[in-house]
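Next up is a structure, given as structure tokens.
We call the chains A, B, C and D, going by the order they appear; numbering starts again at 1 in every chain.
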């Protein structure tokens, strides 16, 4: 740990002190590094590489800084650097959709930044000039601060309804950038939520049930929305929205007294999702570029299945643990743990639907690319190796990390397998049914441009007006009046002055 | 306060009339010469007033004996001033006449 | 160092720029070297003197120098912590601006006049910073108006003349209102030295109405230069001046003079207690808050770079006023430190704008597309300064906003926090599009009027160096805010002294 | 010493008529000696108190009363110094401007009459001084030749008319009280119809001569027509003579009720003069007219101060009145000299000829701007001192808001017309080329009075104290 308080502000420091930070640091840096390696090949032929690497490096640095931060201001610095330079990644391609998405991203990023700023200010003044996390843990929260924090960080974490930039920005960014956007940066928001809002605070307790509801809604919403899109990266983005919903539930649970039990699960979920989603995004990048041999589909299915929580996968372990947490945490009566478990199963069904849909769309994309150019070249292998690396991490993760390993092993029990599997099976059946019956919504329901872009445009027009209301300039021409007055002036100064004297004399004596 | 014998009232009225005529002439007359003359009439009126005032505290029959010498001195001084001023004014007027004769119409500024 | 010698230090600081200025007036146009030497000599001497003073003030000394002037109001030069903040700011930025101006005005006519008035302007600013009572302040305030006017109209074009007229109309009226207010206050309590805690408390109960009137008049007078809302009209016009002048005007001299005056008025004339008793702070704060939002809002629609910057100045300077008017120590730190930070950031922005105009002939925002590749250093500096203006960490702007925010919460002005957040949004809304154009849009066609000013660099080194210096300063002041040499620590020292009177 | 102050200019004037060739030297010499003497006198008087003389040993009431108080001494000093400065300027430019030889004796006579006027405390003697002053002034105006004759004649006629009004008033007073010295009159003064009308008559006559609004009509033409040094003297000194008498009348003679009744009228007239003069100066297309109208406006300050003094009886306001007079005298002299120099060199009467003057004639323009700064009242000039004193005096009266605000407005107008010229001078687009190469020395001489008015700041404290004491 590096103590910088003598140089910077009180409490300033960097270090990986808690387990939370360590884990976050490892999976984030891992993902960033893999994405960087991937980019070496993937971005080799794009114009303006320098700019790409600049922003990539900057946001990487920002992300790492915010994880290693031991105080709120360092976190905030890292957060700002990360989110603002990520703009450069979003708009990298420079085409119209990227610019639009970038605009929306930046608008929301700046808003989030400032909301977070306000929250930080409130928090810091409540903490009486201390900025380190430990001091902040002791200070009670108030609702305004909570709201501002959730809004500010939530805009980065991207759960419903703060997700609106995700489905725009992820498809627009190059694949490695989307991978880190979705894998690492979203998690940065989540990390913030955990760090800023320490568990056990009485005010915060009141928010827990609502956040759980929000999480569930987000999880469901993400999937349902994704079914209406056919672009793989959009689907992946919506999948992130949905997955973050679960993370939000975990974060909310971590705010309760049960934090000690929840945190490992949260960490596991975050890491798992980061790696899996990173792999998926990278794959979608490869998939969109060239025709792939069929066995390459494995690179898709492995992470997808992990996210769909088939037994023995990390995903399954986490889902199971989550279900367990519902029963061990004290929640208000109307949040029945059984109902919540049911919702989780429903969520699993939906997730499965999403990935099946995604698989179909990826295949479609392949088909559209036409006949392959022949053998996959070195670049493709390089990129594939990166994805594979992530997948290996994904598989290796549960075995390496003790808590997760135990959870994974429990999923091998029969009842658990059943609970985990029936949604998948049901999903398969459903999809098969839909395919067979050729059920489809009317075409205009698909791939709609989000109205968010319109709002963003409207907002832009608002803040970049060509004209503004101004005070009407009073245009009065005094010249004629002046001329008329000048004409009144006497020609004969002597006579006029003398007359004036007489008049004044008479008037004054009359009044005196 | 001042008391006047009634016989002096006539002189007073004359002085006032002179001043009034002069002022009228000064206001009305467009030619400078008329104004110079008018000024002289006014000063004549004022000097007359002064002369009359010199007898202000005297009785009606004591005209010759008890005049205020200071006022007479003042009148003399005033006359000197008035004459020199008039002379100067006339000189100026003459130069003005010369210049307007040289250049009949003078463009305004 | 004998005390006798030291007591003349404030005077010497003023003279160190005044005398070179006066000599420069008499120089011929061709004596370039001599002029530059004189300028730099003045700057160096001033910096050295300021450094001496800084060390002494830090140790607790207070400098005092007075000449008899009006009955009950001497001409006092006083070097205390607050005045030193402004003196250091203006001296350092004067250095930067002088170098910049030498580069900017190379081969342009009437340079002797320009640099002469330039030095006068700085002398007036420093005098204003050092003035120890209201009457001396008033004097330098008016001299500043006079010294800057020739700079504003330096180009002598019809627009410049119109701007100059407008500038004068505003600033002279302001000066007059200030004079009226100072006279009123003088008739009530005379004009003693500035003192932490103010000196009006004795008559607060007796003459509350008149004191309020005096405050209103003086704020109106100072508000003209500080560009408070209804009185800001001159500032956007005055940007027709050459870039170094705009830089100096916006960052240091004129605008800051007003803000500095407000600080003095609130803390050292009225004092916090009297301000509260007279209920003067609230209206001032609201006015300044309105100005913040209005300036930002108007900046949105400006298509001219310098004009946008000018409206941004209107908004940013009011942060200082808000910070001061919140009457809390933390807010005061924020306001005072923004005096410095805004100065450095805004001067950087104007240097950049000047570089674009001088090198590429670009004046409009929509001509800036792709300038980041043609002039990377300038664009980096611009970006840094713009981010600072928005208040993105780790720039200096963040520090001031941070303390302002803390102060707002500490003084229970959550409304102000909202204002800061919203204004931050607006700042982002008018700065980020420029940054976007610089870096992300391709260059559209030829530059309007491109000149190659340097063989190797993107533009003349004298235009680059000051700008880079201030840009680096922005980052340093932000990152090392807590160290002993930062403006922040100095303002904390000031606030400690201002708030610990009894 | 005082006699010397009077005899020296007279002797110089007479000698000049004998030896016209050394006239300039004589004039300068006498002005220099007089300045020195006046300074001595001022120091003496400020130390030992006011000095009185009764001429020729006559008893009080009969003799001509003279009195040298600090105010008189200050004014004498001002007169002498300005004579000297303007004399230098005239000397430096005499060849170029073809200044008539008549200037020198006339200027000495002007000094004589003014000195006598400042000293005199006898109504009739004041009348004689006034007449002499007017005649000399008119003669000076007429020096510039053809075009000046008409304005000079108008000036003369009105001046004589004013003198006669004044004389009538004096006569009425003498008729009532039988005395002419002010000190004696004060002791017997009663406010009644007679004194009322006498005061009115005298005041109106004096106002006409001092060109106070609304009787200022003759001034712009006359001052604009005169040669530059003459305009400087006229604006700076001549109009102050009647003003001085007016102040004597109202501040010393008039009873409190009379003063109170008249106060708003004077203040109103002053304000009107400020506004009207300022506006006219702002709109006139001619350079010298601008300065002349500015004189009308600045005299408004004095009138305003007089009115306020009558109303509030506040010594500070009295000090303000005379500070205005002092500052205006110096500043206006500089203005006229500078403008004269510039329009002479650039060749044209119109204001537009001054375009770009800051490049072609920077010194003269600087002089004008510096003097203008005092007219506006920028610190630390003399004008500022006056305004400061006035404001202080006003603020000492509770609930006085109107007059300070009016003052602000008037000052803005003055700023507007001063900077109208200055802004023009900074025009680089199409500067007017000089007809011949500008001379440096006259420009410096024009700058001198301007610097002097700013140097008043150095003596501000003693000045204010002296003048305040004078009012008590």
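Operating definition for what follows: a contact is a pair of C-beta atoms (placed from the backbone, for glycine too) under 8 Å apart; a residue touches a chain by one contact, two chains touch by 3 or more.
Bear in mind the structure is a predicted one, so any value in this text is a computation, not a measurement.
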item	value
Chain centroid nearest the full-protein CA centroid	C
Pair sharing more residue contacts (C-beta pairs) when A-D is set against B-D	B-D
Most remote chain, CA-based centroid, reference being chain D	A
Chain A and chain D: spacing of chain centres that average the CA atoms, whole Å	79
Separation of chain B from chain D, taking each centre as the mean of its C-alpha atoms, in whole Å	28
Cα-centroid distance, chain C relative to chain D, in whole angstrom	42
Length of the line joining the C-alpha centres of chain A and chain B, rounded to whole Å	102
Touching two or more other chains - residue numbers and ranges from chain A	494, 498
For chain B, residues that touch 2 or more chains besides their own	26, 35
Contacts with 2+ other chains: residues of chain D	157, 161
Pairs of chains, among all present, that meet the touch criterion	A-B, A-C, A-D, B-D, C-D
Residues of chain B defined as touching chain A within the complex	23, 26-30, 35
Residues of chain A defined as touching chain C within the complex	7-10, 12, 51, 73, 76-77, 80-81, 84, 88, 91, 94, 99, 106, 110-111, 113-115, 117-118, 121-122, 124-126, 129, 144, 463-468
Residue ranges of chain C touching chain A (in the complex, touch as defined)	297-298, 300-301, 303, 330, 387, 390-394, 401-402, 405-406, 408-410, 414, 417-418, 420-421, 424-426, 428-430, 432-433, 439-440, 442, 479-483
Complex interface listing, chain B residues touching chain D	1-2, 19, 26, 32, 35-36, 39, 42-43, 46, 49-50, 53, 56, 68, 70-71, 74, 77-78, 81, 84-85, 88-89, 92-93, 95-96, 99, 102-103, 106, 109
Residues of chain D defined as touching chain B within the complex	62, 124, 127-128, 131, 134-135, 138-139, 142, 146-147, 149-150, 152-153, 156-157, 160-161, 164, 167-168, 171, 174-176, 178, 180, 194, 286, 349
